[in-house]
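First comes the structure, then the notes that go with it.
A, B, C and D label the chains in the order they appear, each numbered from 1.
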Amino acid sequence: MKFLELKRQAFEANMELNAKGLVIYTWGNVSQIDRAQGVMAIKPSGMPYEDLKPEHMVIVDMENNIVEGNLRPSSDTKTHTHLYRHFDEIGGVTHTHSTYATAWAQAQMPIPCFGTTHADYAYGSVPCTAIMTDEQITRDYEEETGKQITEAFVDLNPIEVPMVIVAGHAPFTWGKDANNAVYNAVVLEELAKMALLTKQINPVQGSLKQAITDKHYLRKHGQNAYYGQN
Amino acid sequence: MKFLELKRQAFEANMELNAKGLVIYTWGNVSQIDRAQGVMAIKPSGMPYEDLKPEHMVIVDMENNIVEGNLRPSSDTKTHTHLYRHFDEIGGVTHTHSTYATAWAQAQMPIPCFGTTHADYAYGSVPCTAIMTDEQITRDYEEETGKQITEAFVDLNPIEVPMVIVAGHAPFTWGKDANNAVYNAVVLEELAKMALLTKQINPVQGSLKQAITDKHYLRKHGQNAYYGQN
Amino acid sequence: MKFLELKRQAFEANMELNAKGLVIYTWGNVSQIDRAQGVMAIKPSGMPYEDLKPEHMVIVDMENNIVEGNLRPSSDTKTHTHLYRHFDEIGGVTHTHSTYATAWAQAQMPIPCFGTTHADYAYGSVPCTAIMTDEQITRDYEEETGKQITEAFVDLNPIEVPMVIVAGHAPFTWGKDANNAVYNAVVLEELAKMALLTKQINPVQGSLKQAITDKHYLRKHGQNAYYGQN
Amino acid sequence: MKFLELKRQAFEANMELNAKGLVIYTWGNVSQIDRAQGVMAIKPSGMPYEDLKPEHMVIVDMENNIVEGNLRPSSDTKTHTHLYRHFDEIGGVTHTHSTYATAWAQAQMPIPCFGTTHADYAYGSVPCTAIMTDEQITRDYEEETGKQITEAFVDLNPIEVPMVIVAGHAPFTWGKDANNAVYNAVVLEELAKMALLTKQINPVQGSLKQAITDKHYLRKHGQNAYYGQN
């Protein structure tokens, strides 16, 4: 059996997503890519977390062909591969229906950057895709979901903003690997909750001023970062 | 002792309802029907979950006669039997006072379909019954509750929308068996929470466009479904 | 050592209050009365729950004299004894700062009866006391708190509405014994949360119609009750 | 190895902060000062709580020099030392991004004293600092954060109000030692939540009247306090 380590990493990230309380029943999936091999490992569709084992992960290539595995991959597979094909630097993708991030998606609004907690992880608002046209829906729905996301990032750097909300649907996040994508899913849910509460306290609150956003993002990211031990 | 397996299934679904955190003290009940025998097993009235055993389940026929059991069945028994008599395809019924779904019931408003999380499980809004008239209340209250529900489904398919909120009261859900009815109760509570948060972010948000509702419902249901492993 | 059983019951109710998640640090207390002896057992002031033992309970008579115990009784002691002196039928009293009930107290508004969950336990709105006058505050503060409560019940039956919110402060609940008072504290917190959510969904929602309130209250209370096994 | 006891106390307070659920990943830090030695022990930057050991605590003097330790101290170190230099009577400082307190910080508004729960711990509103000017941000950011806080306390006693929210950022709390600072962080989060809920119930609710604020603060603080066992 090949791809053992890749499957293990995708499996552990899927289990971590569940452990962090972001998932109800089977509402979420995580994948990790092996760029050298041109394949990703992804959760099988509709499989309960309590039954999940590393060997259940499905190996899929970037044209959505199953390379290894007896189970059907996540129904969102084509969105994952679309993101890997267009965002060169990412190594993992996570999709959830986490409560607060999904509420913003349902409200079809970007999540404003109201504070340094947000700026520490995402450089500016978390974008919200356009709502899909009827014509798009009749095409390949999950591929079109991927397109909506990459179109929302035409003027954005997916490394600087590692998260998106899909209008009427729910969030996707990504990162340097599957584990980091899950980390960003947890962060996004908290940012989404804080942003809603902020609006409730002060309905006319504007975004955090740019200079603080810059300062906090650069405390944690880039060559002059000074947060953490590295 | 007959109905052993039926009691076990109803018992386990009742315990699952409690384990999922939808119940405070004794505020909920689940039943499962055996259509061949024409009876259901239902939780006894007011019995704490920590004391509940499979043999406590009460066997009741579709005219609300106790067929087996020493305890008084749930005070909502007549609502359950009414639903089984009118919704031919259902095998389990759940009643809870889960927080967010009950808030919608108290607000006497249907829960709009704001996103794909909702569309994955219910095809359109979750209906809210009419509020009971004074005259209805003087009749057989729990039977009348059942009537309110079935009247709210005159133009709806209970398989496509396996949940309802009773105005001024709380939700009922159903499914192919008791376990599936509990699953739908968990889903409804999350949909109710997400819908409230959506309204808080965007008070004028309209329902999800029909084409996406169709797409998501049919990803999971019907002969062309492609979610899960079956 | 006398009052062993009374102390045990008060102790267990205090521990249950904490186990139900209604208490942060030392923010709550429960007492139980022995009417024959004319004394109550109450939690000592400011004592962490993890250190609490049955023998710590302080025995206090109805004139607030310590009858037995080496610790200072709860700072709210005089409110408890006031309630026992004025509400003849109650056997236990609970005070918490539970989140949602306290928010209603801070908003200085009664909690409307929006649904049957509320009507099952309290016959009509949960009253909110008047805010204390400056002159009252300079008197015996905790005794005055008790007076505010009993004044709010001039036209109410404390058995039919076993809970109150003290304006600007927090809730008190009571019941046939300490354990039942804790039960009502848990119920009140849930009713307070549901009522807030109801207002958020429908800001102009009125109270549940009287006939349903009557029906539900009487399903559970009085000689024609048919909920539960007794 | 010196400072063993100081490190142990800082370590335990950091672990307690995490155990109380106020922290996501590494979003928080606690320090404790030894005034005789002129040093504090503080959490290392970006270190996960599950890996944290007492010996990881970094010893830093009041001019922000590392006195002992191989790890980089919290990126907020200069804010901590600024507070110790200006607030003579405090022994511990805590910084979190706890959800509700951070929402108030993002809304850039002080938290009003709406009730006795608040008055028991903070004598009046929890102040919100001014938002930093662009010029300040270009200086020493964490030192400037400290200055913003001490400027917000020009007319306030930091012992009477042991907490602050930094506009656009998040809260800091302090106390007689690290453990007490964590206690105040837990209290602040609950006060922030209750205050938001109070505004939701009654958007025009004013602050608690001064006489009750005085009464409750003085029940717990000062020479006539009568809460607790001491």
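Throughout what follows, a residue touches a chain if its C-beta (ideal position, glycine included) is under 8 Å from a C-beta of that chain, and two chains touch if they have at least 3 such contacts.
Labels paired with UniProt names: A, B, C, D = L-ribulose-5-phosphate 4-epimerase.
Nothing here was measured: the structure is a model prediction, and the numbers come from that model.
In the contact between subunit A and subunit B, the residue numbers used by both copies make up under half of all numbers at that interface. Each chain gets a centre from the mean of its Cα atoms; the one farthest from the centre of subunit D is B. Overlaying the C-alpha trace of subunit B on that of subunit C calls for a turn of 90°, given as a multiple of 5. Inter-chain spacing, taken between the CA centroids of subunit C and subunit D, is 33 Å. Computed from the mean C-alpha positions, the centre of subunit B lies at a distance of 46 Å from the centre of subunit D. Of all residues in subunit D, those touching 2 or more other chains are 200, listed in ascending order.
The set of touching chain pairs reads A-B, A-D, B-C, C-D, using the touch definition from the header.
Here subunit B touches subunit C in the complex through residues 24-27, 44-47, 71-72, 75, 97, 99-100, 102-109, 131-132, 134, 137-138, 141, 168-170, 196, 199-200, going by the rule given at the top.
On the subunit D side of its complex with subunit C, the touching residues are 114-117, 183, 186-187, 190, 193-195, 197-198, 200-202, 205, 208-209, 211-212, 215, 219, 226-229.
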